[in-house]
Amino acid sequence: MNDFELDRIVKRYGQRTTLDKISLATTEKEFIVVVGPSGCGKSTLLKIIAGLEPADAGRVLIDGRDVTRLEPGDRDIAMVFQSYALYPHMTVAENMGFGLRMAGRPKAEIREAVENAASILQISDYLDMRPKQLSGGQRQRVAIGRAITRSPSVFLFDEPLSNLDAALRTRMRIEIGMLYRRLDATMIYVTHDQVEAMTMATRIVLMNQGGIEQIGVPSELYVNPVNRFVAGFLGSPRMNFMTARVADVDDESFGVSLEGLEGVRVARRPEARLVTGDEITLGLRPEDIRTDGGGEHRLAGQVSLVEEPGRESIAYIDAGAVRASESEDGLGHLTVQADRRTPMRRDDSVTLGFDSDALYVFDAAGNTMTPRRPLDTPSAPNKAES
Amino acid sequence: MHSLLHRHRGWLWPTLFLAPGVILFWVVIVASSAESLRISFFQWDGLGDMSWVGVDNYIALFHDPQFYTSLKNNIIWLVLFMAAPPLGLAIALLVNQQLRGLRLVKTLFFMPLVMSQVAVGVVFTWFYDPANGLLALVFRAMNATAPALLSDPQWVTVAVVIAGLWPQVSFCMILFMAGLNNLDDSQIEAARVDGARGFRMLYHVVLPQLRQVNFIAIAITVIGALRSFDMVSVMTGGGPFGSSSVLAYQMYEESIQSYRFGYGAAIAAVLFVIMALFIAWYLYRMLRIERGTA
Amino acid sequence: MAEVCHSITRRRLVQALGSGLLLSGLGVPALAASKELTIISDLDTPQYLVFRELAETFGQQSGISVTVNNLAHEANKTAIGNYLVADPPDICFWFSGQRMRQFVKLGLFSDISTLVERENYASVLGPLLDAVTVDGRQYGLPLGGLFWGLYYRADIFAQHGLTPPETFDDFYRTCNSAKAAGLIPVSMGTREQWPAAGWFDHLDLRINGLDRHMALMRGEMAYTDTALDAVFEQWAQMIHDDLFLHNGTSYGWQQAASFLGQGKAAMMDLGNFITTALSPEAVEQLRLIRFPMYDSAIGPFEDFATNSVHIPKRAQHPELAREFLAYFYQPEVLSRFVGALSGVPPRSDMSVGDDPLARTATQLLRNTQGTSQYFDRDTPPQMAEAGLKGFQQFTVYPDREAAIRQQLERVRQRAYAS
Amino acid sequence: MYPRQIGAGEPVKKALYLTAVTVVLLLWLLPLLAVLMTSIRPGSDIMMGNYWGWPSSFELVENYLGVFTQTPMGHYFFNSLVITIPSVLGVLCLSTLTGYVLSRYRFRGNILLFAVFVGGNFLPFQIMMIPVRNLTLALGIYNTYLALIVFHVAFQTGFATLFMRNFIAALPDELFEAARAEGASPLQTLIHVVVPLVRPALAALAILLFTFIWNDYFWAVVLSPSDSVKPVTAGLANLMGQYAASWDLVSAATIVISLPPVALFFFMQRHFVRGLTMGAVKG
């Protein structure tokens, strides 16, 4: 039995379709992170799951029960809001016990549940304070505590960490991850932050313009993006894209025609329908570009800017005729992520190198044309962390 | 929340919540107003039978010189009352300091607002009295004769409006004080850093932030001007010979003193039309602002 | 925490319940009030105090609780249309004449002919009975009359060597002397509009006589009639000659009267209620004479307004109300009431008392050849309203005579049509 | 804050400022001071025309006591309280309900209903006189406290709904979504979330309503002819008719009837300004 299921959810606002037949199912209390650019419909989807917005079509099932027409309070869910949504006139304990009190539970039970949740989140000392007296992180804990108190089968998180500073965010991220393992409940977590998605999710749902682009474990989405959108969305710094044409096609591979880069051939999916002269986009992750002179293909370039955020260096390279479209620096320079022990300075001349294997190819519609890769390639998702 | 009626019980509570207020308001206010409009098509002394006269009351109204005097006075009220928002803002700016004792000062500035209009009317009648009033005293001190404002058909309306402005300025001042309390401090600070101060700060930084308050202040002032009654009633009774009358007062006078309820209702209808124009503008603005911020 | 919240809710609930109970109890006063005799009066304070005492005495004698609600005179004019229809008291005060007839026509006053007959009031009231009679039946009892005339202060007149005028020539002489002495010859405050009508009434009565005046009041004569030319002409002349208080429209009648009280004005045309606006010392010096004669062949006719007391048609206790009237209308009781305002006694068998003003008024009334009520009591409300306004305007802009008379004529044609 | 606050280290500026404020305040209150002065003057001064000179004696206590002993003002005062307090409570209850629904539920006709509330409130209320009189008559409540209470509650609900709706609309959506997600019914949300959150608005509104209703003159005259129900405003007008020459008493009465709303404003000013700002509640 599915413990959580969305069945062809549709939502329209006037003429505009905000959600188009969204389906999703989980069987074993997964941590689903719904991620996507702002305006993609992910928050609306969460509200529909919560019951705060009605769906125009489709069903929501929780533990096999159709809850589509139920009030939020009857769905066995709990929600954590971006703004925390704590009641300023109630103490922490009253905030946390609110749901149970509304359900008319006995006081003793409420107190026990509140204390239990408080101890899990280490906020037992604040129970008699008002939200105004707490810091942002503490408020966030209370908001989570309020959800825990209800012990729902599904937790809904609406960008819960976006109001926190970077250090706190990392910490809360880890805590929510630990909480998930401890509570054994389905979690639906909406965020626009790919780091949160990559680190926390058992599965990621990547949304764009009201539809799902790809569902899968984080490394799958990173290593095998189904299309250019997914490839570009996940990974920081972003994948380099270069516009090129198909030079020739054979059974297993095709040749790429790109000014400034000769003789590149890449493997092709069997179902890929490409003919000579088609416009394609090459994708190359910054960490797959080498600066040590190795690699099958070489490119001469000049460093235009170096960033050194710490663990690695990120360099923007002017590679002459080879220009990146939608590049990070907006100048058509290639982004390269290098070991910081490789010294690079502005205006240095460098030789870039990469392997054909590292290249992704997308057709004009954005679909991936290169074959699926095994997940234990060097392009591991943890590299995407910044 | 989008479509309430599609829910099983979602509509029940809201309906129950709305019912008492809506029913009371409709029965007492809306239905009564409609009934008044109906009465305007009858000849009725308020006591006996009503007889249908069609639009006769309106025809009579448009031939009544008093109607044009009242209408003109309503316009004078409207125009002069527009001084209330800027004056209110000026006083609000003056007292918007956090010093000891200013709370009392602010309360004293509110006084005219919280006093009843009857009391304000009494106060100003006393003030204007051409023989013994404070105004006369001032004029005498300057070796001049005080004008008899309340008996001069040229000036009487202006004099009454000034009395009416007194509480109205207070009202606007309160609104602006609330608005000033709610300013975005970072904008003010940014402007200070950019070198703005004094009037330029007011005009370019403060006023734009007070737009909503401004709107409410103007709305309340327009309503106050069109609804003016108590002051006229207490201070002049519409006199001398009707020259300070306004539509609301003329309506009252025709109905109560002359027992011409149908005619009074016709005046009410005209006032209603004028008011409706304003209300439409107000609602349009309000809803537009709302959509803008939503 | 949670307990606190619960107790707050409970407290709020109790509060809500309490206010609900309170609300439901608020309708009660009306019910309680219906078990007693209720009276709405419109009396000035001195008279009200006397009346309340009389009502209490009646209550003690008959074992009934009597409630008197006293309204300001002007407020009563506004309220009576409402309460007669809506929630009538057992007894109310109003005006005789045309104003009473209007309510009788609408069936709002009770016929008290049987009471009048039983107590034989006709014999003591004489012609006054007409003021409360419609089609041979009586609908009220006339109270102390308001005699309109010229008031002046004896001490001020003596101080400046002025003589009380008998004729218009005298009047002009007195006015000129007063002016020379730095006094305002005639005080008149028209903020309440009606005082101006007194001057119109008096001039018309003096120049055209009672019959034509009453024809005008009954709507049978046009305001543009040439007969009225002389009236307006004379009035305009007086205004032109600067005989009246300046800015009269600024002042209520009380304020205007206070000029007399302060010795700044010489004369004032008013009813006996003038005493309520003056200090006891000034009242002591106050004298009344009749409005100066214009044409020895005409008159004297006077404005003599009677207030009256009525039983509303829908009174809760009509029998009790008749009992009260019978008690109230006894000569001794009534003279205490009338005496409080120096009024002219309505009953011929009443003693005038020793109030000099009341005595003078009674004497002057005996010497008249006929009386009218007062402009706003002799004409229907629309006409009254327009007339008062028109006369007030005339006092400021006598040159607008033609326009004012035309406007009055328009209203006359409308007001008497219905 | 704008304008720039005068600091503690600017004594000269502060003194100048306080002088300026005092002068403006005195000018502002001049008409009122005139009435105050008259209210402590003996009646004989007024009769004698001594309006502005030094009072021949100070009759503060006599005049103000006189308002209660010589006139039925004490009774009018009680009536005003009995009318005003339940009316204010009634309006607060109804407008919280209507404001809550109109701000938080989207349904067909929402805007129309709201527009009617706002528009109806802007009408010159004099035009409703006759129908309202007839209505109270039909309900059998004419000339009782209830007639005035019912009218005031109905009429002020329009304005109060506008006020409460805007205030509640400014509260963050999430608070209401959270309540729903926690399983609170609309009634529970109202009691446990809306009412505590709108307290500042209710305080501000209560003060405004109190002054509006306390100071009403028109309906007092129309709906309460008898002394047993008449509130202070009609009482004052009545007093002016009856004691027209006693400006000392009338002035004192004018001051007396103004005291409750003034006192309320003074003690609740902070709540009032805060409530009016309609600022959003920040968790």
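As written, the chain order gives the labels A, B, C and D, with residue 1 at the start of each chain.
Operating definition for what follows: contacts are C-beta pairs under 8 Å (C-beta built on N, C-alpha and C of every residue); 3 or more make two chains touch, one makes a residue touch a chain.
The structure displayed is predicted, hence computed values, not measured ones.
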Chain pair whose interface holds the most contacting C-beta pairs: B-D
Taking each chain's C-alpha mean as its centre, the one farthest from chain A: C
Rounded Å distance between chain A and chain B, as computed from the means of their C-alpha atoms: 57
Where chain A and chain C are represented by their mean Cα positions, the distance between them in whole Å: 90
Computed distance of Cα centres, chain D from chain C, in Å: 36
Per-residue multi-chain contacts in chain C, two or more chains: 5, 78, 85
Overlap residues in chain A, where contacts from two or more other chains coincide: 52, 71, 90
Touching two or more other chains - residue numbers and ranges from chain D: 49, 185, 192, 237, 240
Residues of chain D defined as touching chain C within the complex: 44, 47-49, 82, 86, 89-90, 93, 133, 136-137, 140-146, 149, 191-192, 221-222, 225-229, 234, 237-245
Touch list for chain C against partner chain B, complex: 77-78, 81, 84-85, 102-103, 105-106, 108, 190-193, 246-251, 255, 259, 381-382, 384-386, 389-390, 392-393, 396, 407, 414, 418
Of all residues in chain B, those that touch chain C in their complex: 43, 45-48, 60, 65, 128-131, 148-153, 236-237, 239-242, 253, 256-260
Of chain A, residues touching chain D in the complex: 47, 50-52, 71-74, 77-79, 81-90, 98-99, 102-103, 131-132, 139, 146, 150, 156
Contact set on chain D toward chain A in their complex: 172, 174-175, 177-185, 188, 192-193, 196-197, 199, 281-283
